[in-house]
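Quick one: structure below, then a few questions.
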Amino acid sequence: MAESTARWLRASCPQVWGSLHGHPFLRDMATGTLSLERFRFYLEQDTMYLVEYAKCMALGAARARSVDEVAWLRDSMDNIVDNELPKNRELLQRVIDLGARDRGGSRGMAPTTLAYTSFLTSTAYRGDALDVMTVIMPCAVSYREIALELVDQIAPDSLYTGWMEFFVGDFYGARLARMQANLDELAERAGPGRRELLREEFATASRLEVAFWDMAYECRQWPDLAVAPD
Amino acid sequence: MAESTARWLRASCPQVWGSLHGHPFLRDMATGTLSLERFRFYLEQDTMYLVEYAKCMALGAARARSVDEVAWLRDSMDNIVDNELPKNRELLQRVIDLGARDRGGSRGMAPTTLAYTSFLTSTAYRGDALDVMTVIMPCAVSYREIALELVDQIAPDSLYTGWMEFFVGDFYGARLARMQANLDELAERAGPGRRELLREEFATASRLEVAFWDMAYECRQWPDLAVAPD
Amino acid sequence: MAESTARWLRASCPQVWGSLHGHPFLRDMATGTLSLERFRFYLEQDTMYLVEYAKCMALGAARARSVDEVAWLRDSMDNIVDNELPKNRELLQRVIDLGARDRGGSRGMAPTTLAYTSFLTSTAYRGDALDVMTVIMPCAVSYREIALELVDQIAPDSLYTGWMEFFVGDFYGARLARMQANLDELAERAGPGRRELLREEFATASRLEVAFWDMAYECRQWPDLAVAPD
Amino acid sequence: MAESTARWLRASCPQVWGSLHGHPFLRDMATGTLSLERFRFYLEQDTMYLVEYAKCMALGAARARSVDEVAWLRDSMDNIVDNELPKNRELLQRVIDLGARDRGGSRGMAPTTLAYTSFLTSTAYRGDALDVMTVIMPCAVSYREIALELVDQIAPDSLYTGWMEFFVGDFYGARLARMQANLDELAERAGPGRRELLREEFATASRLEVAFWDMAYECRQWPDLAVAPD
């Protein structure tokens, strides 16, 4: 049996994934010291991100070669539109109600959100369903890995508990497994000639994942839209 | 309350819709004299058409402006992927099992299928969710109108009964009503400046609907792919 | 040295190219019996076609992989924008001044013009510079072949003389040779895995060339836009 | 006469353009203290940028509404393909020959180059010729403004002299004036409903111009591709 392309991609840029796992934003989530305003900034940007992430999946469906590929991409999109986005908005409202300050996250896409979503969009217009599956994978996989790593460290009544429980749960786990199986099948159909480009696309999206946490941790907005900390 | 754009579009090219309703393919379906090979040709081409029709909806989702627009287009796509395509394939298999000859419909897209699907695709790449809703509407609406018109004339055990029942039924009816409401809302958001272009897009797609039935009735394939009647 | 892909494609669908060369529109041009209104219809539709043909080349440039590929597609576009379109418009004006009736060609794209341009556009959005070069080639090559075939048969002071002289001339000949060399180089870079799809794309565009002459000869407009002959 | 949209856009985000003019990279160019390795990093990234910048113009041509709009975008592309890119490559070779170290600029697109080019590409796929003209303008205008500001301060035999002379010269000046006139005409055709989106697109591209100089000044590559200073 052929090696899983999803697994091979995941293992292909260990340095970048090392930075992802050790990120201070996530460490502070685990210790419960992450400031509310950082979490608010993250959620505001992530909500804008997820809309474009879902559209990238729709583009993948539109650029697929067969109807089963259309269905696979549609299934990935469903999770964002029906679960992650509503969940995110609820949590954002809760964080605002708890008094989190706006550090400029509500003023529009911050530099890294713009970079990441523009990369997803332009890759999808240039590529096909397989390229889309590849660039959406770092986000999809890392959230599961992160949540599995942190779930035991976080107090059960924390603000972050619900967020983690979703990504740790069976519903998300089964969905991710299907996405990985779909990516493997798409890669199988496309043949080995695509591997090098896929590796680059996966690495770029992984770097942007790290950059997204950096941005959230520093509440890094464009200079002319930034709001200084107190 | 504003006039429904969906209704206004439907009423905007009566001559074309007249040809649609009086089409010999449909008249022969009603009288039960439509040849099996014509129906086979139709189903073969319609199956290729529906894959691109679904991808056009996916493109509409990708080019939407908000997440509710993404969801509306996704809902339209669901019906094609989950209902119409499997239903079509089953019926095609049944027609083949009944001994329908291949008049070249299996050899690839016939001229009008190519024209129609290329028009849908290129319009979607140029436009947005509203343009997509507009060009997919003639097919969606006319199938309901046609089925409602013919359902009482066709023997209940006919090959065409199941086909009609789907489009006459409440499931499809509710779905179409939602599509029309979504189109109206999209048109409302876009403002009156778009009306003239929408009217043209709707008219072109309506003409292609007529041309599609023409093609099916005459089993019109490219000359070098055609199979002559017995 | 590798076989020329441009030449291989040209030889790959002899039946279609047979219909192209023996077309009544061209035969009537040669004998001088082509009616002015047919030529007018052709020019009106060809002008709309060429705008989309040029944009297809621009899309090819946008979807190219390297800057030399961008330049090659740009060069092809230059000829349409700077030479063929202005030349076409002048000739159309002359034909109108000579009293050619409007057979509906001025009322918008006829079915085959819509089919052909939509096919070019959707192929370009799906593909890359090589796909674009492939689908624009049947038009580019066949005009040279047609003009070379007919140039000696046509009276030197005919309406059609200038049209032919352009495609027979060294300027166009050199440009076409460069396009073919560019296609060969692009195919070389892409590798043999693309050949089957290229062959299909070339065949479809070739069939649409035949259909375009059919349309022009019969002044075939959409039924609701058509103008009957006297 | 209507106000120039190009001028209005230029005046619409003074804070961002203030950062552009006072940038340390440019100040160090003027005083002759800019390190060769920073200039090399800039040129390596700018070369990758310009290829995508030219393709963005090609996309604008492909998504234009009329043939004169196609020609305008093509004209802008010509300058990049025929002048700026070859000039850039020559200068890069000269800088390398002078012994400039590679600070990772040769290893692929740095974060800001990726962000900027992805933004250009995704905007072009979503928009039309006017959106493209708007997002390419900050780069086109600022290089002229920067060069005019610095040209007198720089020693005539500096490495930077040729670079500046191009952007100060009449050839580039006339080309830029035409681009601005084309943008004004496109905005006139599109009507005032587009202004707010254009302003946002212009602001984003302007912020990315500043970020591009930041990146060059700090030789900021992805962490896993970076080369530390000596």
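Each chain gets a letter, A, B, C and D, in the order it is written, and its residues are counted from 1.
The rule is simple: a residue touches a chain if its C-beta (ideal position, glycine included) is under 8 Å from a C-beta of that chain, and two chains touch if they have at least 3 such contacts.
This is a predicted model, so every value here is computed, not measured.
> Keeping to the contact definition above, tell me which chains border both subunit B and subunit C.
Common neighbours, subunit B/subunit C: A, D.
> Quick check for the class: compute each chain's Cα centroid; which one is farthest from the centroid of subunit B?
Measuring from the centre of subunit B, the most distant chain centre belongs to D.
> In angstrom, rounded to a whole number, how far apart do the mean CA points of subunit A and subunit D lie?
Roughly 30 Å separates the two chain centres.
> Nearest whole angstrom, what separates the Cα centre of subunit B from the Cα centre of subunit D?
46
> How big is the gap, in whole Å, between where the Cα atoms of subunit C centre and where those of subunit D centre?
Between these chains, centre-to-centre, one finds 36 Å.
> Which residue numbers or ranges of subunit B touch two or more of the other chains?
63, 126
> Which residues, counting only subunit D, touch subunit B once they are in their complex?
63, 126, 191, 193
> Could you please specify the touching residues of subunit B with respect to subunit C in the complex?
13, 15-16, 19, 108, 111-112, 114-115, 117-119, 121-122, 125-126, 200, 204, 207, 210-211, 222-224
> Can you name the residues of subunit B that touch subunit A in the complex?
Subunit B reaches subunit A through residues 51, 54-56, 58-59, 61-64, 66-67, 70-71, 73-74, 77-78, 81, 85, 124.
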